[in-house]
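So, here's a batch of structures to check.
Two complexes, one shared chain (chain A), two partners (chain B, chain C).
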Partner chain A sequence: MNEAELILFAAKIWCGIGALVAVVFLTFGIDRIDEDADGAYVFRPLLVPGVLLIWPMVLWRWYILADGKDEWSHRYRPKRHNHVWFALLMPVAIVIIIGAAFSVRQTWPGDIAPEPLSAPAEVSE
Partner chain B sequence: MSVKYIPVQWNRNKWIYDAVMLIGVILFLYLFLFVSPEILSHENPINPQIHNARAFGACAFIMLTVILCIGPLARIDRRFLPLLYNRRHFGVMTLFVAITHASYILNWYFAFSSSNKFEALLFANTSYGQLAGFPFEVFGVFALFCLALLAVTSHDFWMKFLTPPVWKRLHSLVYFAYVSVVAHVSFGILLDQQNHVFTVIFVGGALSVAGLHAYAAWLEYKAGDDIGSNQGGWVDICDASEFRDGFAKIKILPSGERVAVFNQGGNLSAISNACAHQNGPLGEGRVIDCLVTCPWHGFQYDVTNGRSPAPFTEKIPTYNLRLDGTRVLVDPVANSPGTYVEPVPLPDVVTKEVLV
Partner chain C sequence: MSEKTPFFVGYLPVPQGLRRFLLVAVLGVIALFGVVGLVIGSTQDAPEQSGFRFDYGRQTVTGVIEMTPYPILRVTEGNDLIMPGKTLMLAGQGKNGIDARTGPMAGGLATVTGIVLQRGTIDMLQLLPGQRGIKVAEGEAQPIETEALGRWKLAGEICDGKCLNGAMRPGRGLAHKACASLCLLNEVPPVFVSTQPVEGREFMLITGPDGTPLPDMAYDFIGQFVSLEGDLERRGDILVLRMDAATLEVIPQ
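Now for the complex of A and B:
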């Protein structure tokens, strides 16, 4: 099994477990931890893709809410200062990336003869 | 705001928002595909699959750029707040456009190999050690994964289930997705772009996002909320004469939470500044008939008890207040969400000037 097959296999396993969690959570669990979901069924299929992707987080929050361990004050503490980090780092990253890309462009600023980047690829089986 | 969850909470404003967005997407694709192919380096013959892939890819980039501009624009100028209102639908539509782009790519460049096309995508180029010819596809895959994660967790259920701060952190992935898209384009089509109309649009868009976010952060740093000073276990907000009727003063408490103290007809009430929905800044809203409206998505709360009007069930914490002369002080320990607190009347000496 090559790396690409391994990655896809791992993704299938991950989503497979997620599907099991989705069935149990959306059938039995959700009504017990959110009163707004009690008796509301039409919206539940919309949640399936989310559960497939973040099922460990779903299990964790399910446990916290079902066990009454949810700390209400945490809901009202937005991390507004996080934006400063994104606002500083994102422009730096964007400028570096675009600058790096222009620096390796083979026909910029003037036309030059293109050079092969690497040897021809092997023929895939 | 709903008592029970429904798939999509449509209303007239959302219909208009989505209709404008859809018309914009169709117009962009029409222009790209049929009106001006020659200014977009399509003077060389390319087949419809590649042409469509480029059109949807360019459209997804523009959409993500607009989405990333809305946040800082709304921070810089409140007139952009309506654009924030339905941004999640914008994000979901961007995902669909991006998936269409990826599908055209997969079903053309990787569809004629004996291998599975998804495997072929992952192993076709593994030159991770060089900048020129770097496997830019991986940036696209990462960005698509992030957009998918954001779209599938965009229902209000997820906000309540994960809590707004965690949901916000998860949705901060949009910044990583955007940087990844910039890398995907920079090390992909940009390296081969012969006509620079799109180059200018791309670089201009990316630098606009970067500049707007940096400027908004600078404004927040310069004119952001102050930390309230401690006065014997209570936090000093300001002098009573500084209040305007219907508006709030916001202070940061020692715990890092923000409190919003409202003046409603000469009576002061203090609530959490964070809306229960997405932690929007309630203190930037205005009180009308005892209710403050969140400037982000219109959720409303009674400032005396932190509860949404029936039949809605959202609740936020309230705070106890007291006066020390004309200084307004708040107890930094929040009451549990939905607790009624008797409003504190402004001192007579300042009531007249404030209510004028």
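Now for the complex of A and C:
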């Protein structure tokens, strides 16, 4: 299994679990944690792509909300003092990623000349 | 937040204390993007002159269909632009080959109509759909010669012939790998770009050994710079490289 196959395999596993979570959550779970969703079905398929990608977060929030552990006011208390680090880290990360991409990029091997291995009329068996 | 701290609200006039900062930030970001664009652009090779030749208009020529196994046409009755003796790779519209349409005509005469794609010494014809694109021509096909050029070791890149010929530009390289893979999976003729000309040709049609299509394992190497060995043939004015899959390897940096 090469790197591309490994990535594809991991993506299939991730999205497979996500699909399972989406079916259960959007069929039963959402009714239990959001009273506004009760009786509303048309919007639910729209949530499937999102659930496929962030299903761990969905499970976590489902657990927190269903268990009554949610402290909603915390979500409205922005931790601005951390923003500056992200603001610095993001451009640095972008520069590192672009730099890494350029450093591992192959160079066109223009100096390698074609090499005849047999006489013109011969072909390999 | 003190009352004197300026606060930016998009739909309100810009606070006095933020104007200079915003002006500098906006001009700085514009300049930064320009510089980054120039720096990244300067590291890229300019694509060679290539592309669809819509300016030629639709071209209709007749010739012998050969399956290498990818279809090529050896022109026997040309026109002002495509002379007899010319060899054209054939492809369909979009990311599609035309193996299913040309297969039954292999070895026979056919009249084809389409748009030329041109790059360097290699030309392709993108056929119109259905009978308008290709139909059996009357007459007897003359035997066509294939000249064996021996076994060669080459370095370069495996691309799809359509994008390389200018359907996309630059149409090669790692950034184009996914597009090239889709084209090749749909039987667009693959092309090998050699680092240096072989028998006067920088581009050549590449196939698997013994008249087979490009082997599956070669798809992993599309868009990368590789070395490989294979038997070379001259068919009309194009070269066909029958690669030996066991020799295919990525060139170390």
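One rule holds for everything that comes next: the second predicted complex is superposed on the first by the 78 of 125 C-alpha atoms of A that agree within 3 Å, B and C clash if a C-alpha of one lies under 4 Å from a C-alpha of the other, contacts with A are read in each partner's own complex, and residues count from 1 in each chain.
Just so it is clear, a residue touches a chain if its C-beta (ideal position, glycine included) is under 8 Å from a C-beta of that chain, and two chains touch if they have at least 3 such contacts.
Just so it is clear, the model here is predicted, and its values are computed rather than measured.
In the superposed model, A:105 makes contact with both chain B and chain C. When the two complexes are overlaid, the chain among chain B and chain C that reaches more residues of chain A is B.
In the superposed model, A:119 lies in contact with chain C only, and not with chain B.
In the superposed pair of complexes, A:2 makes contact with chain B and with chain C alike. Look at A:69: by the touch rule set out above, it reaches neither chain B nor chain C.
Within the superposed three-chain model, A:46 lies in touch with chain B and out of touch with chain C [touch as defined at top]. Once the two complexes are laid over each other on the shared chain, residue contacts for A:57 go to chain B alone; chain C is not touched.
Within chain A, the residues touching chain B in one complex and chain C in the other are 2, 4, 98, 102, 104-107, 117-118, 121, 124. By the touch rule above, chain A contacts chain C in their complex via residues 2, 4, 98, 102, 104-124.
Residues of chain A that touch chain B in their complex: 2-5, 7-8, 33-40, 42-43, 46-47, 49-50, 52-54, 57-58, 61, 65, 70, 72-80, 82-84, 86-88, 90-91, 93-95, 97-98, 100-107, 117-118, 121, 124-125. Interface of chain C with chain A (complex): residues 40, 43, 45, 147-156, 174, 194-198, 220, 224-225, 227, 229, 231, 242, 244, 250-251, 253.
Those residues of chain B whose C-beta lies close enough to touch chain A in the complex are 2-7, 72, 113-116, 118-125, 127, 130-133, 148-149, 152-153, 155, 157-158, 160-165, 168-170, 172, 175, 178-179, 182-183, 186-187, 190-191, 194, 203, 206-207, 209-211, 213-214, 216-217, 220-221, 255-257, 272, 274, 276, 279, 313, 316-317, 334, 336-337.
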